[in-house]
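The two complexes that follow have chain A in common; it is paired with chain B in the first and with chain C in the second.
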Partner chain A sequence: MSESTGVIHDIGYRHYDGARLGRGHAVLALTVHSLRGVFGLGRTARAKIIPFLLVGVMMLPAVVSIAIMAVVKQKGLGYTEYAAIMQAVLAIFLASQAPYTVAPDLRFRVLPLYLSRPVTLVDYVGAKLAAMTTAMFLLLAVPLTVLFIGEMLIDLPGDTPTAAYLTSMAGAVCYAVLLACIGVAIASFTPRRGLGVASVIAFYLLTSAVSTVLFATLESMGNDTAAAWAWLINPFFLVDAAVQVGIFGAKPAQSSIYPSGAGTAVAIVIMLALIALSVTALIMRYRKAASR
Partner chain B sequence: MTILATEGLTRRFPRVTALDQLTVTVGPGVTGLVGANGAGKSTLIKILLGLLEPSGGTAQVLGMDVTTRGAEIRRVVGYMPEHDCLPPDLSATEFTVHMAQMSGLTRTAARERAADVLRHVGLYEERYRAMGGYSTGMKQRVKLAQALVHDPRLVLLDEPTNGLDPQGRDEMLALIRRIGSEFGISVLVTSHLLGELERVCDHVIVIDGGKLLRSSAIGEFTQSTQTVTVEVEEGQDALAARLTELGETVTFHGRMLLVHVRAPETFDTLRDAVCELDLSLIRMEQGRQRIEDVFREPVNV
Partner chain C sequence: MNGVIAGISYRALLGRRRIWLLILLPLVLIGLSLLLRLLGVTDERTTVTLMQTFAIGTMLPLLGLIAGTGVIAPEIDDGTIIHLLAKPISRPVIAQTKFLVAASMLALFAAVPTFIAAYLLVNLESGIAYGFALGSFIGGIAYAAVFMLLGVLTRHAVTIGIIYALVWEGVVGNFVPGARKFSIQQWAQSIADQLSSSAFFTTEIKLSFAIPALLIVTIGAVFWAGQRLRSFSLTGDE
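Right after this comes the complex of A and B.
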């Protein structure tokens, strides 16, 4: 030991008699820590590449739309269809980042350290979901808001886009909650991040493929009513049908037609059921992990 | 003052009974919890942290019942697990600050405490590097730091010397001793090596198969089972006979003789006997008590 360290030791141990804040503070700290991690902040430079690249890609259509509005004086991309059009980017972001929120804590067994502190298991799951939800919301809401500000500044003749913007914001909240819950729940089942990424992306590809194939088949058979239901299999169109079109009466994304009548109610129920199922699965998963 | 107390504590798992009617009391200072693998040490720690419900009996930590006031206990208790628990892509500083915040410290206080504690456990410049590249010794230090960062009143250390080389082991034990004395934090430390705990503990609890085998102050422990190992070149039979004649208790242990120390005079008797018989003495060593000795003892008594 060098001399300087010897001197430092002489300060002796100091007790901490400052404030000890409650569980809420700890949950908030965990949420912020996880949210930063999702965007690679506080991690290596390599961990920042994918999230920021995807944020950039998400911003592109907004920027291009503003440019079109400024130059050609024509409306670009609609607010409510933004998420559905960019669904692949959102899905890739979810798949690449959701496992980061949960997998390392399981793989490197950090979970017992959290549980040996005042936070409970439900607090932990809640913080992780809140972090991923916030990340997904930001990913979608920031370009939408930029687009909105751009459109307000350019001030095209005709209707103000406020209603459409607010609808898309409500939609963004639902997209964020549903996607984060599904993504984190799927990712939590494996402590390996790579496997988690693959599972989440597989879930997205499967649902979107099944929904498209089913729609095409039913439509070719001339069964348009049944075909409309097929869209609901894809979580992106599900939220669009339930919230943006169903509740707020927006124009369906990508000229897809959603089931009429009870369709909205069913879509809302499916959406809520998926969220509830994911959260339940997560809590059960962590009960099991904690008891080990 | 009682730091922790259990009363008839029982925990049954579907296939095994991990703790069986365990009644112990632990006072301030450093307490060792010794037992072989699967003796119930980790189960006991989990129950004390309020993370596992006991199947029967009660347990109190710092006067709080584990089943009803788990969160309050976890606020003032630190825990260092036996297994690896460090995310490799964070630095020791970031990780310790985060863990302090998780215990309810503000970010500013967490930073200050993390810097303090990391220095106390002996991590200096390397604390800014990602932990993935740390040696086992450094990892053990960070694990200890995160258990101390919120200035707990009690720390539960599960096998802190696991995987360390002899020097790292000594440093860790010295650190544990300092936590108990200088820092004024009570320590419950588990190990399967009694000899190791002898050096730092005030009190030792031995459990086996979830049952209490023994709980006593370290002084009584070494006294009651003190032996001296004697090795001579030839004629250990003659020496054994002579010593027995003089009223000492002697047992053979391979080429060595184990002599029970009744009183300090035993050493004199031993020296005289070796001289009288004109034997070449190779070594005489104070018996290092091992866990096996404790397990053997009830049979002998």
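Right after this comes the complex of A and C.
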């Protein structure tokens, strides 16, 4: 009988005796980490420049509006039209930051590492979407809230704009959910950050340009009913038409006219369908990425 | 000009997913002009609006961004540029080759579809088709040079390019007339205006400003990109 040579050495690794926090905490940690990353926190100084520059630009109209109210005693910018006016900035923020949340993990193929933990695929996608949604919501809600507080402090004659503010906050939630879902879904199709940025902004520019051209043409033909539908191609006016104008009865943003009658219902259906489509595409994309 | 580098750059641009974006944008332009044709609006004014807002205002900068950064930024991003830089090829030649590749892609994906879209609507009436095709060709060359330079200068080339195209050329240009003088889009439109005699199309920037500006920007950007590549340092990804 030969002597066994295999020995297990105790090289002093310590066991983890603490509480195991489980799946929920893992998902929360991933969400918070992604959310911080969207704003460049915990990344290099150069990664912070662009998000905070865009946050600053988003704040500008609110600050200017408060200054106008304080000096001229006149109402500044409306709450519900804030997102539609600043849509280019929101789109640039989405385009530049959504690829960050998904591209590095895809590029370095670390998805199996995440999935070897209690985090499931749906958890991962949910965490990324939640992070981007929160970021977009903060980007829109903070200037709106600042504007609201400013207006309350200045206390202009007339009724307080609480209803308009609450409507715009409900709108901000819908803007955030729709934009984040579309942005992350488009960005997830390429592991390259640059191409992801270009794809997301291409989506916004295409929809807004097509909507503008179609509206101008149909209006010049005198077909006002069809022209009103052309606004819904742009995702920003879609949310405005569906939620802020449709459900809460606010004034349409800028000079847009939305389709009346069934228009609201159709806008809501399109919005929900876009969200569902994006989430489905994301989950399918990640099923494929995880199986490699 | 180096054939091998050109081949590699073409493959990087045309391969994989980038090509779909390059095809999608011109397709939407041609689709829109077909739709307008079906609706029966084929007047000069609509065509000029479509060309100004869509062909030159939206499609050209986007394609310039995708092609211009696409020839060099991915290589820098994943570090394979080091193989290229280690070869005994002059760095300015690498920059020039990559610029020519990007410019040729823009001619194919921006100038040709622009001509087709305008032709579908108004045939060759008042030189709109020729004018905008030439305008987007020359504007595309300038965009290719500028965005390639951006791709060499920074890792956030696409974002900065978008901010330039959307915020500077779009928003600032609408409010501050002076900003329009420094916009590739406006220069491209001045070129287009030379060939088109349409009454619905006027530009503010004089040709005597636009042509030197285009030349300086294009040559300057390609030259700077070459110089920058000569002393290129690879920094780690964030």
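Everything below uses one rule, namely that the second predicted complex is superposed on the first by the 280 of 292 C-alpha atoms of A that agree within 3 Å, B and C clash if a C-alpha of one lies under 4 Å from a C-alpha of the other, contacts with A are read in each partner's own complex, and residues count from 1 in each chain.
In this section, a residue touches a chain if its C-beta (ideal position, glycine included) is under 8 Å from a C-beta of that chain, and two chains touch if they have at least 3 such contacts.
Treat the numbers as computed from the prediction; the structure is a model and nothing was measured.
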* Check the residue A:Thr190 against both partner chains and state whether it touches chain B (first), chain C (second), both, or neither. => second
* Asked: Should A:Thr44 be classified as contacting the first partner (chain B), the second (chain C), both, or neither?
  -> both
* Based on the superposed arrangement, let me know which partner A:Ser199 touches: chain B (first), chain C (second), both, or neither? => second
* Asked: A:Ala26 contacts which: chain B (first), chain C (second), both, neither?
  -> first
* To do: Please indicate which partner A:Leu113 is in contact with in the superposed arrangement: first for chain B, second for chain C, both, or neither.
  => first
* May I ask you to decide whether A:Ile92 touches chain B, chain C, both, or neither, giving the answer as first, second, both or neither? => second
* Asked: Can you list the residues of chain A that meet both chain B and chain C?
  -> 43-44, 47
* Asked: Can you list the chain A residues touching chain B in their complex?
  -> 5, 8-9, 12-16, 18-23, 25-26, 29-30, 33, 42-44, 47, 104-105, 108-110, 112-120, 290-291
* To do: Write out the stretch or stretches of chain A touching chain C in their complex.
  => 43-44, 46-47, 50, 88-89, 91-92, 95-96, 189-190, 192-195, 197-199, 201-202, 205-206, 209-210, 212-214, 216-218, 220-221
* To do: Would you pull the chain B residues touching chain A in the complex into a rising list?
  => 49, 51-52, 71-72, 74-75, 77-79, 81, 83-90, 94, 98-99, 101-107, 109, 113, 116, 119-120, 124, 130, 146, 150-151, 178, 182-184
* Asked: For the complex, which residues does chain C have touching chain A?
  -> 17-18, 21, 24-25, 28, 32, 35-36, 39, 41, 45-46, 49-50, 53-54, 57-58, 62, 65-66, 69-70, 73-74, 77, 155-160, 162-163, 166-167, 170-171, 238
